[in-house]
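Naming follows writing order (A, B and C), and every chain is counted from residue 1.
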């Protein structure tokens, strides 16, 4: 399966890559309300640890199985939760796009850095995005996003989406 | 604004991505004199901290408002300044390109690692490039580059461009 | 040499980028046996430190000068060697592709993170890939891969390919 996946033109690949770019950029800008608009209403967003998946322990570290639930989560981050203020910075690698049914699957590795107000940056998490995408009207949207994190240790600190 | 920005073809997107690629690669190779040739004569290059921008303190951590000044900066790095010898490694994420007037704006997140002669690598800085680009004759050049750094703490160590 | 290298279309650039994507993804998934199939039989794979190259000490930290040798290396990793179990995560930057003879050269910067079972992630290595590629039948393959690592200190821990 080396090379350009069958049926994925440079135009399509660019469109998916720009969706991932926007995903990371909106999170980095703390534009969480705009970030949720990338998802369809009946979406599923979950964060799982790679260790759990490989041990067949399908425990989600974060799970929202609709856009409403994702919006609620963001609302509670704004209104209720207390967590360390930080800047996120997502660095996303090349995206692999594969046609699947009437949509596409897409995967990319990411690294996520967090900077705190004292000015220090730490590596927060690395892992991989596994997305299912569908075109809604003319716009590409996320139907399902599974974030598989390699970094298990710091997830007790998980507050904002990855 | 999800998806392929209007008017940006895969060819144009690739050309801008290759400009960012060259920007990072020349810095990593310590080819600073060649790196300055990516800029137009009346360019502006500045590094600002994200914290300062959000507090409306538009203080630049590094500022060169012409190509001559950028060349001077590089010359002084070669001739006068004393700083730790290191290898840079820029990892740049997907680039978002938007037509703007007779040119383009482009933005991408970056992570910058520095390795010292003892062989250790540390995360030096993460942040985001905001560029304005213009075609000069047939070649794409940088009119303005604003580097917004999330990492405030280590900028006392800032010597070479980001 | 700014901009789109002559003769490299978006289709060709995408195909090479997807080869690098697959290279990193297979290593990250510990699919080492599949990873070696990306190489031609008479390939050369080597890891060198940047410091050694700049001092004209062409000592390889890892060297396999055929696909068989690469397969042996992977086999010994599976059967004989003892090393810390970890998850790899490669984040690869934009790829520069240049036509060369009847093939292509390609280069990209990488960062490689390793996560251990206790759940912590550390930066393992940063550096740059320098590849020579050739089309075999219809598929793009790696003829030569030179990995130049900036990070010298931890290479005593080098077990799996970068």
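Here, a residue touches a chain if its C-beta (ideal position, glycine included) is under 8 Å from a C-beta of that chain, and two chains touch if they have at least 3 such contacts.
Here is each chain with its UniProt name: A, B, C = Aromatic-ring-hydroxylating dioxygenase subunit beta.
Please read all numbers here as calculations on a predicted model, not as lab measurements.
*Asks:* Quick check on subunit A against subunit B: do more than half of the interface residue numbers occur in both copies, making it same, or fewer, making it different?
*Replies:* different
*Asks:* Can you report the angle of the rotation that maps subunit A onto subunit C, using C-alpha atoms only, to the nearest 5 degrees?
*Replies:* With C-alpha atoms aligned, the rotation comes to 120 degrees.
*Asks:* Taking the mean of the C-alpha atoms as each chain's centre, how many Å separate subunit A from subunit B?
*Replies:* 26
*Asks:* Please output the residue numbers of subunit A that touch at least 2 other chains, ranges allowed.
*Replies:* Answer for subunit A, listing residues that touch two or more other chains: 10, 13, 91-93, 95, 111, 123.
*Asks:* Show which residues of subunit A lie in contact with subunit B when the two form their complex.
*Replies:* 10-11, 13-15, 17-22, 24-25, 28, 38, 87, 89-93, 95, 111, 113, 115, 117-123, 138-141
*Asks:* Which subunit A residues qualify as touching subunit C in the complex?
*Replies:* Listed in rising order, the residues of subunit A that touch subunit C are 1-5, 9-10, 13, 49-51, 91-96, 107, 109-111, 123, 125-128, 150-155.
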